[in-house]
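Heads up, the next two complexes both have chain A, just with different partners, chain B and then chain C.
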Partner chain A sequence: MRESTIMKIHYATALGAVVLVAVHVLFRITMGSFSGSLEYEQVLANYKFVPYAVMLELILVLLSVHGFNGLRVILLELKQGRSYEKAVTYGCIAGMTCLVAFGSRTILMASMGMT
Partner chain B sequence: MSETTFAEEQSSTEVSSSKTVTLRIAKFNPDHDSGQQFVDFKVPYERWTTVLDAVLDVKKHLDHSVAVRYSCRQASCGSCGMKINGRPRLACFTKISELNSDVVTVEPMNNYPIIRDLVVKLDQMFENHKKVQPFLLREDSEITGPTKEFNQTPEQLEEYIQFANCIKCGLCNSACPTMATDSSFLGPQALGQAYRYVADNRDKGKNSRLKIIDDSHGIWRCHFAGSCSQVCPKGVDPAMGIQFLRGYLLGFRK
Partner chain C sequence: MKRNDNREGIKGMANPGRYGIERFAYWLMRITGLGLLAYLIGHVYETSNIINGKSAWENMLSITQTTEGHVFLTLVIGMCVFHTANGIRVMLGHGGYGVGKPARPDYPYTPASQNSMHKLCIYASIGIAALAMMYGLSVLFGE
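After this line comes the complex of A and B, so read on.
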């Protein structure tokens, strides 16, 4: 993939994440007290409400893609070398996939009531 | 009348007394020395004495072994780039009197391998410069008929002319924080020159050049610190050129 395409995705995920996290924070503030939103039953209720669970899944994907690409960029600037750069790129893709898979599993299990 | 004016001008010119400054020169020979060492020299200076004059004064009278690269002495050749009081500058373009300091420290430029003392290896910069194809790319040429010359309007010239002032002194690369850690980064000099040709309406190689800079160590590694533009002795603004190039790659500019 061309670097410009990766960076377009990087910027788009940053913008998307800012918007969705803002919606998420607004929900926490407007739908009761902020501290109350962290209560166990309240968290489970969020996951069981499908549109909200979809939004959380989207935030997870956007932040994972953005964060791991940011990490890749930092590591590429830190050290250079063909094998190192390949390891960083594939390592970041693997890390991102694992994080998205683990987070999605949590969201799916909670939304299906498997707690 | 003109003679009188000239006489008045002469008498009004303040002739400063000869003052002295401590010139701290970084000395390092990679073949013999384990690390850089500073050697202090007391040198006289006048209002018009440049740092290069002072270094050459030391070389002539106090220490012949000081290694320094220079040529034109008028900020045209870009040979005498060095770090003067912590900032990359051209030694021939920096007057001691303007530094307002009793101690003038001269060191080799950052982000380049040191050959000796104040002389650095610029090979990588020239390699990167060549990579971005710093010439007009098109099928025809001004000398092949039936074409004559490629006319440009003043507005078309304005698009790139400041970037054509680059003298390849390498100060921008020396000031660049990305270059300090990323040795494969193209650098502001090469990217500024890429923009110079991309913005030239006579050039037809925009896509080829954009492909070269659209690399994992290309244009996207610039963090827009802007120090390259700050230190340029010719008023070139590579940071701006880099942002314009990003505009092409993101589709904001055509």
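After this line comes the complex of A and C, so read on.
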């Protein structure tokens, strides 16, 4: 993929994540007290509310793509080389996939009541 | 003389004193980005405790909902707000907004892109991040 396309994806994921993370934070501070919003029953109810669970999944994907691409850019600025660049790119893709898979597992299990 | 004798490497690149606030913003952007990625990984792991039942969740909260945990969360708020505000500045700059018009390079070769508006935006990003941290502290410790 062209680097210019990757940067467009980087910026698009950033803008999407800013909006969704703002909603996620507002959920924590507008539902009574902050500590109250972290109670087990409250958090589980959040997961079981399908639109919220979908939003969490979107945040996870957007931030993982943005975060691991940012890490890739930083690592490529420090050092260059054909094999190094390949290792960094595939390593970041693997890290991103693992994080999305692990986070999705939590969202799916919690929203389906498998606790 | 060897070709690399004058090379300072990462130390030279990291020196924020030589290139002004832009270099400082460059480093702060990368440090906050790495910090936020580490937080994201930790947060995904932390919240995965919900599927292990109420006691596991409350055990995890007893570790994170402490004074140290709240101070750490305040730092995360600051990193997040700076990264967002400075990121929007960088995005606009890459899009060609606020970087000045192309002109013939004349002595003293002042770069049009490193203008006072961008410098002001960097200071504003730091200021907004500080305000957000203060608000975060009031929410986290004001209960």
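The definition used in the following text is that the second predicted complex is superposed on the first by the 115 of 115 C-alpha atoms of A that agree within 3 Å, B and C clash if a C-alpha of one lies under 4 Å from a C-alpha of the other, contacts with A are read in each partner's own complex, and residues count from 1 in each chain.
Throughout what follows, a residue touches a chain if its C-beta (ideal position, glycine included) is under 8 Å from a C-beta of that chain, and two chains touch if they have at least 3 such contacts.
Values in this document were obtained by computation on a predicted structure and should not be read as measured data.
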item	value
Partner chain in contact with A:Cys92 - chain B first, chain C second, else both or neither	neither
Comparison of chain B and chain C by chain A residues contacted	C
First (chain B), second (chain C), both or neither touched by A:Ser4	first
First (chain B), second (chain C), both or neither touched by A:Leu62	neither
Chain B versus chain C as contact partner of A:Gln80, first or second or both or neither	first
Contacts of A:Ser35 with chain B and chain C, given as first, second, both or neither	second
Which of chain B and chain C A:Leu44 touches, first, second, both or neither	second
Residues on chain A lying within both footprints (that of chain B and that of chain C)	7, 78
Chain A contact footprint on chain B (complex, rising order)	178, 181-185, 214-218, 220-221, 249-250
Residue ranges of chain A in contact with chain C within the complex	7, 11, 14, 18, 21, 29, 33-35, 38, 40, 43-44, 47, 60, 63-64, 67-68, 70-71, 74, 78, 99, 102-103, 105-106, 109-110, 114-115
Interfacial residue positions of chain C with respect to chain A in the complex	10, 30, 33-34, 36-37, 40-41, 44-45, 47-48, 50-54, 57-58, 61, 65, 80, 84, 87, 91, 94, 139-140, 143
Chain B-facing residues of chain A, complex	2-4, 7-8, 73, 76-78, 80, 85
